[in-house]
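See the structures that follow.
Below are two complexes that have chain A in common, paired first with chain B and then with chain C.
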Partner chain A sequence: MSAEVFSLFYQFADVFAFLILSAAGLAIVFGMMGVINMAHGEFIMCGAYVTVGLVNLGVPLAIAQILAAVTAGLIGVLVEFLVVRRFYKRPLDSLLATWGLSLIVTQSMLLIVGSAVRGIGTPEGSFAIGDYTFSTYRLVLFGCAVAVLAGLYIIFMKTRFGVIARATMQNAAMAKALGARTGRIYAISFGIGTGLAGLCGALYAPTMTLIPTMGATFVVESFVTVVIGGANVLLGTAPAAVFLAMIRMALNASYGQIIGQIGMLVAVIVIIRVLPEGLSSVLVRRGR
Partner chain B sequence: MNSGRKLGMVLLGAMLGTAAAMSVARAAEPPLKVGLLEDVSGDLAFMGMPKLHGSQLAVEEINKSGGILGRQIELIHLDPQGDNARYQEFGRRLLNRDKVDVLIGGITSASREALRPIVDRTSTPYFYTNQYEGGVCDASMVSMGAVPEQQFSTLIPWMVEKFGKKVYVIAADYNFGQISAEWNRKIMKDLGGEVVGEEFIPLGVSQFAQTIQNIQKAKPDWLLTINVGAAQDSFFEQAAAANLNLPMGSSIKVMLGFEHKRFKPPALNNMHATANWFEEIDTPEANEFKKRWHAKFPDELYINDMGYNAYNALYMYKALVEKAKSTKLEDMRKAIAAGDACIDAPEGKVCIDPKSQHTSHRMRLISVGPKHEVTVEKDYGVIQPYWLGEIGCDLTKKNEKDQYTPSHLPKKS
Partner chain C sequence: MFKLLEGPQTLGRGKKFWLCFVAVLAGALSYPLFADSYGVGNFAYFLIWIFMALGLCLMWGYGGMLSFGQTLFFGIAGYGYGVLAINMGGGTATIAALALSVVLAMIAAGILGYFMIWGGINGIFFGIVTLSATLVLAFFLGQTAGPEWHIGPARLNGFNGMKGMDPLTVGDFYVEGSALYYVMVALIVIVYLALRMLVNSGIGNVIVATRENPQRAEMLGYDVRKYQLLTFVIGSGLAGLSGALYTSWGQFITPSSIGLPAAAMPIVWVAFSGRSDLTATLVGSFLLLFGFQTITVYSQQAALVLMGALLLATVMLAPQGFVLGIGKLAAGWWGGRGPSDAGASLTETARLQSKES
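Moving on to the complex of A and B:
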C-alpha cells in the first residue's frame, strides 16, 4: 500500500517538475514581460547541448549544468539586445521574430552538430519500494523545480531588483521617470528567463535523446502552464503546474499517456474559457 | 530542358523497336530522374540522413559504371521535414512538375500512406525503403524493407521461448505502432501467450515515469518496444535509470534507430531485434559495402537498415528497368511477374515477390549486451514476404491498392 501512495507522489512530482522547469523561464519572459518567445524551446536545447558538450570534455555533471544555464542566460541577454528589445511595443511581431530565430537555430545546429548526439546517461541511482523501482534523479528534478520556485520568489519579492523589475513590467514609463534603468531591467529579466530555460534543458539532458528539435517537446507544456497560470509568476505558474500535474498524473495512471495528454489540454481549454486571465487572477484577487 | 526531354522521348520511342539503335541513342538521351523524399531535418532527421546518403552512394556508383540502360541518373532530393502535408506537396511536385521516372522515400508509415494515393493517380513506380507493419497490396509500390512475417514471426516466438509468455507493449500511436501491436496480439495468441499491457504513446512525448510504473505493475516477462522518434526513445534512458531491467524486443530498434550508438550503455542492454541489415554484419560483401559507405561519408554514426534499403532500392530499380528494357511501370511489373527480379545485395541475394511486390530478406536475430555490443543470436536464412500472397493479394492479377492487417483481410470473392 505504501508503495502505491509513494508511487502516486512520485508521478505527481515527476509531472510537476517537468511543467515547472519547462515553464519557469517562459513565465518571466511571456508571463511578466509579455514577449511571446517562440525560441523558448531552443534555449532549452541550448542548455542541454552545452551540458552534454561540457560533460564530454570531462566537466562534472552538476557544474556543467550550472554553466549551461549561465550560457543560455548570457545568450538570452544578447538576443534581448539584438532582437527582442525592438519588439516590446509589438508583441505579435515578437512572435514572428523569435519564431524565425528558432528556425535558424535548429537548422544551424543540425548543420553544425549533426542530427543526433550521443547521450551522457542519467546519474546512477535507483531505489525500490514494494514492486516498484524508482530513479533517484527524477526526485532531484523535483527538488530543483521547488528550488527554482523558491529562487524566483526571493528574487522578485525580496530583492531591490525584484521590486524595480515588477515596477518596470507594470508601468515602464513611470518606473523610468522614477529613475529605474528599464532597458537594463528588461535585459536582465529576459536573461533570467532564458537562463531558466537553459537550466531546464541542462537538467533533462541526461534523461533524453538530444536532437536539434528537442525543445519542441517542452514548448507546448510550458506555454500551456504559463497561459493558464496568468501573469503572476509565483501565484500563477506554481498552482497551474500543481493543477495540471494532478490531472495528467491521474489520467496517465488510469488510462495511459494519450488520455493523459488529451485530458490535460481539455482542462486547459476549460480554464481559459472560465478564467481568461488565468489562475493567478483569482488567487491574486483573493489575496488582496 | 523540357524540349530536350521531349526530343529524347521521341528518339527513345523511335528506337525502341530496333535493339541495335540503343548505343546510338545513348549520347542524346536525357538522364533518368529519381525523385527522393527523405527527412533530413525535424524529429526523424537522424534516421533520414543515412537514407539520403545511401541513395547518393548508389547513384554515384551506378553513374560511374555507366548508368541505367546507358542513361545517367539525376537524383532530385526534397526534404519534407517529417511533415505529412509536405510529403504530399513535394510528392505532387516531383511527380507532376519534375516528372520523375521513379519516386523513392518516406520514413513513417503515415508519410507513406499520405503519398500512396498521389502516386496511384500517376503511372510512376514508387519504392518504399523502410521496414514497416506490412500489408500494402499496391501495384505502384515496391517495398524494399522487411515486414512482420520476416520480423515478428521470428522475433516473438524466440522471445516467448527465451523469456516467457507475458509481454507488455509500448508503441507509437499511429498506423505503424497500432498495426504492429495487432500483429503482436495475433502471434501471441497463436503461441498461447498473454499481452499483459499495451500503451500507445503520442509522437513527441518524452516523459515515461508513469509508463515505467505501469509496466512494473503488469509484471511482464519482456517488453515489445515499438516507440518511434527521438522524443519517445528517451524511454530507454529513463527505464534504465529506474532500473526497470526487462528484456526487450523490437522491429525497429538497434538496426534502424541505432539507439545502442546514441545512448550511453547499458540503456539498451538486453534488446533484441530481427533485421535484414545492421552495421555489425560481418561478411565480406557487407564489409566491402561498409567500406565504400564510410569512405564517402566518414562522419556517419551508423549505417542503418533504412539507409541500406535505400541504397538497394536504386540497384533494384536498375535491375527492373534493365530487365524490362523500359522505365514504364507496366513493363517493370511484367518483369517482376516473371519472378526472378533479384539483386546481389550486401546481405546476400534479395528478390521481389511477384504477388506482393515485397522483398525477400535474409533475417538474423540480434541482441545487445551491457556494453552495447551486438551479437547474432540466430540466423533464419532467407524468408519470403509470404503473408500478402497467402491472404489473397496477387498483384499480377489484380491491383487492390489497399493495406491489409490481421483484422482487415481482403474480401473473399
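Moving on to the complex of A and C:
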C-alpha cells in the first residue's frame, strides 16, 4: 500500500519539479518587470548545452550544472543590458524583441552545431519500494525544485536586495525616488531569471535529447504556470505548480503525456475565465 | 457603402492612391501572361499567407489584441480542409470543405476567444495563452503517427503530415496553377477591400476605440467584449482561410506549419510592415515572403535568423513598422502633406459623435 502512495507522490513530484524548474525563471522576470521573456526556452537550451559540453570535457556533472546556470545568468544580464532595458515602458515590445532573439539563437544553433549533440545519459541509480523501482535522479530534481523555491523565498523575503526588489516590483518610481537603483535591480533579477532557466536546462540535460529547439518543450509548461500564478509571482507560482501538477499527474497516469498537456491547457483556459487575476489574487485576498 | 473604402482608419485616399491600386492589380492580373508556371505557382504560394497577415493586422493593429495563435487556426482549418476533402470525396465538394474548414477555425476561435476575453485576459497574457494553445496543437498532431489516429479514411500521420486530399476542384477542373493564382488575387482584393470597409465603419471605430482605451469605450456604452470577440473571430478566420488554401495548394500539411518557428512568422510580417495599417501589412508581408522564399532556397535557418533579426530591428528602431514609416514618408513627399495623425483622430471623434447623436 505504501508503495502505491509513494508511487503517486513520485509522479506528482516529477511533474511538480518540471513545472517549478521551468517556470521559476520566467516568473521572476515577469513578476519583477512585467515582461515575458520569450527567449526563456533558449536560456534553458543554453544551460543544457553548457552542461553537456562541460561534462564531455570531463567536468563532474554537478559542477557543470552550476557553471551552466551561472553562464546563462551572465548572458541574461548582458541581454538585459543590450535589449530588454530599452523596453521597460513597452512590455509588449519586449515580448517581440525577445522572440526575435529566440528565433535568431535557435536557428543559429541549428546552423552552427547541427541538429543533435552527443548526450550524457541520466545518472544511474534507482531504489525500490515494494514492487516499484524509482529513479533517484527524478527525486534529486524534486529536491532541486524545492530548493529553488526556498532559495527564492530567502532571497526575496530575507535579504536587503529582496526588500528593495519587492519595493521595485510594487512601485518602481517610488523605489527609485527613495534611492533604489532600479536599473541594477532589474538587471540582477533578469539575470536570476535566466540563471534559473539555465539551471532548468542543466538539470534536465541528462534526461533528454539535446536539440537546439528543445526550449519549446519547456515553454508551454512555464507559460501556463505563470499565467495561473498571476501577478504576484512570489505567492502564486508554487500553488499554481501544485494545482497543475495534480491535473497533469491524473491525466498522464490514465491517458499519457499529450492528453496530460492538453488537459492542463484546458484547465488553464477555464481557470482564467473564473480567476482572471490568477491564483495569487485569491491568496492575496485571503491574506487581508 | 463604398465611401467606407477610405476613412480615418486606413492610409491611402483620393485618386492617386486608387490609381496605384488599380495599376498594381493590373500588374498582378497580367503577371501569368509573361511568367512561367513555376513563377505563378510561387506567387500563389506567397499570396496564401497574406490572409493570415491581414487577420493579425486587424486583431493587433486595430484591435490591440496581440494573438500569437494565427498558426493555431491556420492548422485547424488546414487539417480541417484535408479531413473534410478526403471524407467528402473531392470534386466540387472541396469548395464546401474549404468553407467548412474556415467556419471550423472561426468556431474554435470563438470558444478560445470567449474564455480569454470574458476572463479579461489582455496584453501579454493574450499572446501567451494563444501561443500555448498553438504549441499544444502542434505537439498533439506531431504524435498522431499511428494508424489509430484517423478521421474517417483521413490519416493524420504525425510529423510527416497529412496528404492525399484533392486540391480545390470545380467539376472536373482542378483549381491549380494560374487558375489558383487568379482565385487568390480575387480573394485578396475582396478581403482587403472588405477589411477596409470594416475598419472604417462604425464597428471599426469601436474596435479602434477599444484598443485606445477599453474602459472609455465601455463607458460610452459599448460592450467591448463583443467587439473584441468579433475581431478575434474574423482575424482567426482569415488565418483559417490561409490554412485551408495552403493545404489545397500543396495537398499536404504538417504540424511544423503550426508550431515554432512558424508561429512567429505572422508576427514578424505584421510588425515589420506596420501593424496599424492594412495596406502597409499587405505590401510588407508580400515583400517579406518574397525575400524569405528567395533565401530559404539556400538555407532555411539563415532565412529564419534574418526574420528574427528583422523582428528585433523593427522593435528597436521602428516600433510602428518599417513599411508604414516609408509609406508615410512617400505619401508626405508625394502629396505635399502626410496624412497627419491629429487630423485622423479628429475625424474619428467627429464620426463617433455623429453616430451617438
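The definition used in the following text is that the second predicted complex is superposed on the first by the 287 of 288 C-alpha atoms of A that agree within 3 Å, B and C clash if a C-alpha of one lies under 4 Å from a C-alpha of the other, contacts with A are read in each partner's own complex, and residues count from 1 in each chain.
Everything below uses one rule, namely that a residue touches a chain if its C-beta (ideal position, glycine included) is under 8 Å from a C-beta of that chain, and two chains touch if they have at least 3 such contacts.
Being a predicted model, the structure only gives us computed values, none of them experimental.
Visitor: Sharing chain A, do chain B and chain C clash or fit in the superposition?
Guide: clash
Visitor: A:97 in the overlay: touching chain B, chain C, both, or neither? Say first, second, both or neither.
Guide: second
Visitor: Once the structures are superposed on A, label A:11 by its partner contacts, choosing first (chain B), second (chain C), both or neither.
Guide: A:11 contacts chain B only, not chain C.
Visitor: If we overlay the two complexes on their shared chain A, which of chain B and chain C does A:276 touch? Say first, second, both or neither.
Guide: Touch partner of A:276: chain C, not chain B.
Visitor: Have a look at where A:107 lands relative to chain B and chain C in the superposition and call it first, second, both or neither.
Guide: After superposing on A, A:107 lies in contact with both chain B and chain C.
Visitor: Applying the document's definition of touch, where does A:219 land relative to chain B and chain C: first, second, both, or neither?
Guide: The answer is second: A:219 touches chain C but not chain B.
Visitor: Tell me which partner A:22 touches in the superposition: chain B (first), chain C (second), both or neither.
Guide: After superposing on A, A:22 lies clear of both chain B and chain C.
Visitor: A:86 contacts which: chain B (first), chain C (second), both, neither?
Guide: A:86: touches chain C, not chain B.
Visitor: Based on the superposed arrangement, let me know which partner A:71 touches: chain B (first), chain C (second), both, or neither?
Guide: The answer is neither, since A:71 touches no partner chain.
Visitor: Which partner chains sit in contact with A:258 here, chain B, chain C, both or neither? Use first/second/both/neither.
Guide: Both: A:258 reaches chain B and chain C.
Visitor: If the shared chain A is used to align the two complexes, which stretch of chain B, 96-104, 240-248, 258-266 or 276-284, clashes with chain C?
Guide: The segment of chain B occupying space taken by chain C is 96-104.
Visitor: By the touch definition above, which chain A residues appear in both interfaces, chain B in one complex and chain C in the other?
Guide: 106-107, 110, 213, 216, 258, 261
Visitor: Using the touch definition up top, name the residues of chain B that touch chain A in the complex.
Guide: Counting only chain B, the residues touching chain A are 40-43, 45-46, 48-49, 173, 199-202, 204-207, 209-211, 213-214, 216-217, 219, 230-231, 233-234, 237-238, 240-245, 261-265, 267, 299, 301.
Visitor: Can you list the chain C residues touching chain A in their complex?
Guide: Listed in rising order, the residues of chain C that touch chain A are 66, 112, 114-116, 118-121, 123-125, 127-129, 131-133, 135-136, 139-140, 143, 259-261, 264, 267-268, 271, 299, 301-302, 304-305, 307-316, 319.
Visitor: Give every residue of chain A touching chain B within the complex, in rising order.
Guide: 7, 10-11, 14-15, 18, 106-107, 110, 114-122, 125-126, 128, 131-135, 137-138, 206-209, 211-214, 216-217, 249, 252-253, 256-258, 260-261
Visitor: Would you tell me which residues of chain A are touching chain C in their complex?
Guide: Chain A reaches chain C through residues 34-36, 83, 86-87, 90-93, 95-97, 99-108, 110-111, 213, 216, 219-220, 223-224, 226-227, 258, 261-262, 265, 268-270, 272-274, 276.
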